[in-house]
Amino acid sequence: MSWINSRRVAIGVALVLLATLPVWIGNPYYINVSSQILLFAVFALALNVLVGYGGLVSLGHAGLFAMAGYTGALMLDAGHGHFVAILAALVVTLATSAVFGVLALRSTGIGFLMITLALGQIVWGIAYRWAGLTNGDNGVNVTTRPAPLGISLASADYFYYATLVVFLIAVATMAVFVRSPFGAALRGTRDQARRMNALGYNVWLIRFLAFLFSGFWSGVAGLLFIYYNQFISPQVSALTTSAEALLMVISGGTATLLGPIIGSALVVIMKNVVSAYIERWNLVLGVIFVLIISFMPEGLVPGSVRLWRTGWQALWSRLSAPAARKTGEQGP
Amino acid sequence: MTALAVNALCKSFEGLRVTANVNLSVQPGERRLIIGPNGAGKTTLFNLITGEIAPDSGSITLFDRDITRVPSSHRAHFGMARTYQIITLFAHDTILRNVTLALLGLSPLRWNPLIDLDQQHDLVVRAHEALVRVGLDHIAERPLSQTSYGERRRVEIAMALAQNPKVLLLDEPFAGLSIDERRDVQELLRAIPRAVTIVMIEHNMDVALDFAERITLLHFGEVIMEGTRAEVVADPRTKEVYLGH
Amino acid sequence: MSLWLTLAVNSIALGGLLFLLSAGFSLIFGLMRIPNLMHGSFFMLGAYFGVSFLAFGINFWLAALASGAAMAVIGGLIERFLLRRLEGQILPQVLLTLGFAFIIADICLMVWTGDPWQPTTPTHLQGAVQVAGLFFPIFRLVIVGVAVVIAIALWLMVDWTRLGAMIRAGVDDAPIARVVGIKVSQLFTLIFALGAALAAFAGVIGAPYLSVYPGLDFEMLPLALIVVILGGSGSLLGALVGSFLIGFLYNFGQAMFPDLAYVILFLPMLLVLVLRPQGLFGKVVS
């Protein structure tokens, strides 16, 4: 019980800190970085549905993210209102997710990864080369932010709060999803697809629906991105974006709710800090990838827990009698 | 009416015939044993019956309903359940969750993304009941990774029983068990009511002999012979195929 | 008429380059079951190496061979000391290659700057030959010729040598190959180095034609991916057919629908995925 209480206290403290962040952080630059963290956390949480809970590693999610962003931006550019643009973006992203899902789920494992990578590149190809539609390398500007309930989101503070609301809805949705029968079924298809089929589950359909769910939230994140950045260019749909999102999921720890959030914070902060000093973000990204995969393949959160535990046990066994040392070393 | 019938079933893998014109007819309530040496095509036959692989020709009926083209996942809903020779369980979950997943597979709740699975008392109660039947309820909350091999064999059976099947396919349920554990499983199988038709594959004939009413002998994918326990045991062909076992 | 012919020659030349790139990719994928996401990076880094060698006045073919050799060493080292540590963990292996792709991209940007490099075609290969009243650019034909020679050599190696037999056994069933005494791990290193060398070699001989620029890596990688999805993993014939198909689609698509040329490349892949997921020449894995 004390564990549940401490967990609730932690969530409460986190909520209070998040809600008051503009007050104690003050500087609009850092508030904007916080908005970035939250919006990429939504993206990472969406990807984690497939990577963590479905065991399906996608390298094409930038395509879905950009599909929402471009649809929204182009609709706004064509003079439509925010409501229509957002709705159209989500519908188009869901439709794209359905196509991606049907094609990529012809395979699992490495095949799935390769197909999603190729599909993501198609979106990049459209964004970059089909200049008549997407304005090519020059990108598309988003001149205004929406004003829900008449509140303008033009300032860093208000945009942060809007992002926070969407982020909290995403987290709550994921939390419910993970504990639900459907969530359990999805994890089942990850661990024993064959058995799940024999038990009466339509494994393909479960994965497909999970793909749509993941695609939807990727689209939401893509919309947050264009409203935050007020500009979208083909770079957003590049493989780098998919890789960054995957790094967020993996670095934080897959199949956890907290992992992708921590991962997003880590990658966004790192990107902002690195970019402030050197223009070598890709190098740093690659090095982090290689280091994490080589030394902490289970992710930073579970990896740190493991190191913490082994460290604690080593300490404990050193403090206790020599007889206790053996049990300490055997550890889990 | 037959509970399960297999008619002229054939399957080849890259030219190698693993199931050659197999016929099988199991009556409701029957206890059927399928024996044969390694590579006789026993597990392939099960995989064909459950739909995990598709036959090249022939048909399969379940209670006189043709299920040859019915997807594997639907067959569970028609009352077919199976266990695996190679333990196929959810290693990250508790025993209880393993069995709950089996129950959920047949429940419309499985599509629900909004409710809390742990709060579905009906499923949890039924999962506990299935665990009582196999004598594992006292360790229901134990993670599967901390269970013994013999316990896992029984979880396999519990998952199949939980689905309340009409036809139960057991793929070497005694494989790798100690003598005591075998006795437990034998008792457990004997307690299954007659409403359940059972087809069992066993490589080691001795452990399953008491259980079998009729025996089918498979060799190189073909049915060599079929008959009552006494007939098959007495037949010289059994010894010929099976010598040393 | 001559426009179509030029397009056809360009298509075959690009097909030849793509074959050199994707043959290694396909063998690595077929044998090690990992899509090597730094294969495009091998191509680009190899091309940059070639550019630098040429700047020192080294002979064009020598530069291509030297670049291939250098990349074989780099690829071999990465396989031996990093990928090997993750043996059996396919996903971490793939992500490691992705990480290296980013590292290589940034190092190239640092060393060779963001400006494109286009080495001149070697003087003795400039110009065109006249056949039946039609002009063919010599260098394009040479690329095709080299690709064909290497294709035949690879085919001979895979189908007729002991090494090839081991590779085929490894592609079919690595665990069994290991059991019968084939040193699969050494084979992995060898094939990885060979694939890297072929990619780098292709990068150099393609440089006067494609030029070398940042982003070339992630342009070539999806092409190799498409070729392998089309042709089936581990199949040299599949890689050959897929390469020329993509070569033609790219050039003709570029001429007819410039906006959508890149997207058109993926259409046959999508078709194959739907109709024949194992690829045109791939084996069904049960």
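For clarity, chains are labelled A, B and C in written order, and residue numbers in each chain start from 1.
We adopt the following convention: a residue touches a chain if its C-beta (ideal position, glycine included) is under 8 Å from a C-beta of that chain, and two chains touch if they have at least 3 such contacts.
Owing to the predicted nature of the structure, the values given are computational and were not obtained by experimental measurement.
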Third chains touching both chain C and chain A: none
Most central chain, Cα average position: A
Remotest chain, chain B as reference, centres from CA atoms: C
Separation of chain A from chain C, taking each centre as the mean of its C-alpha atoms, in whole Å: 32
Whole-Å gap between the CA centroids of chain A and chain B: 41
Where chain B and chain C are represented by their mean Cα positions, the distance between them in whole Å: 48
Multi-chain contact residues (two or more partners), chain C: none
Residues of chain C defined as touching chain A within the complex: 33-35, 37, 82, 85-86, 89-92, 94-96, 98-107, 109-110, 218, 222, 225-226, 228-229, 258-263, 265-266, 269-270, 273-274, 277
Of chain A, residues touching chain B in the complex: 176-177, 179-185, 187-188, 191-192, 194-203, 213
Touching residues on chain B, where the partner in the complex is chain A: 50, 52, 71-74, 76-77, 81-82, 84, 88-92, 97, 100-102, 104-107, 109-118, 120, 159, 163
Chain A residues touching chain C - in the complex, by the definition given at the top: 57, 59, 103, 106-107, 109-111, 113-115, 117-119, 121-122, 125-126, 128-133, 238-240, 243, 246, 250, 280-283, 285-290, 293-294, 297
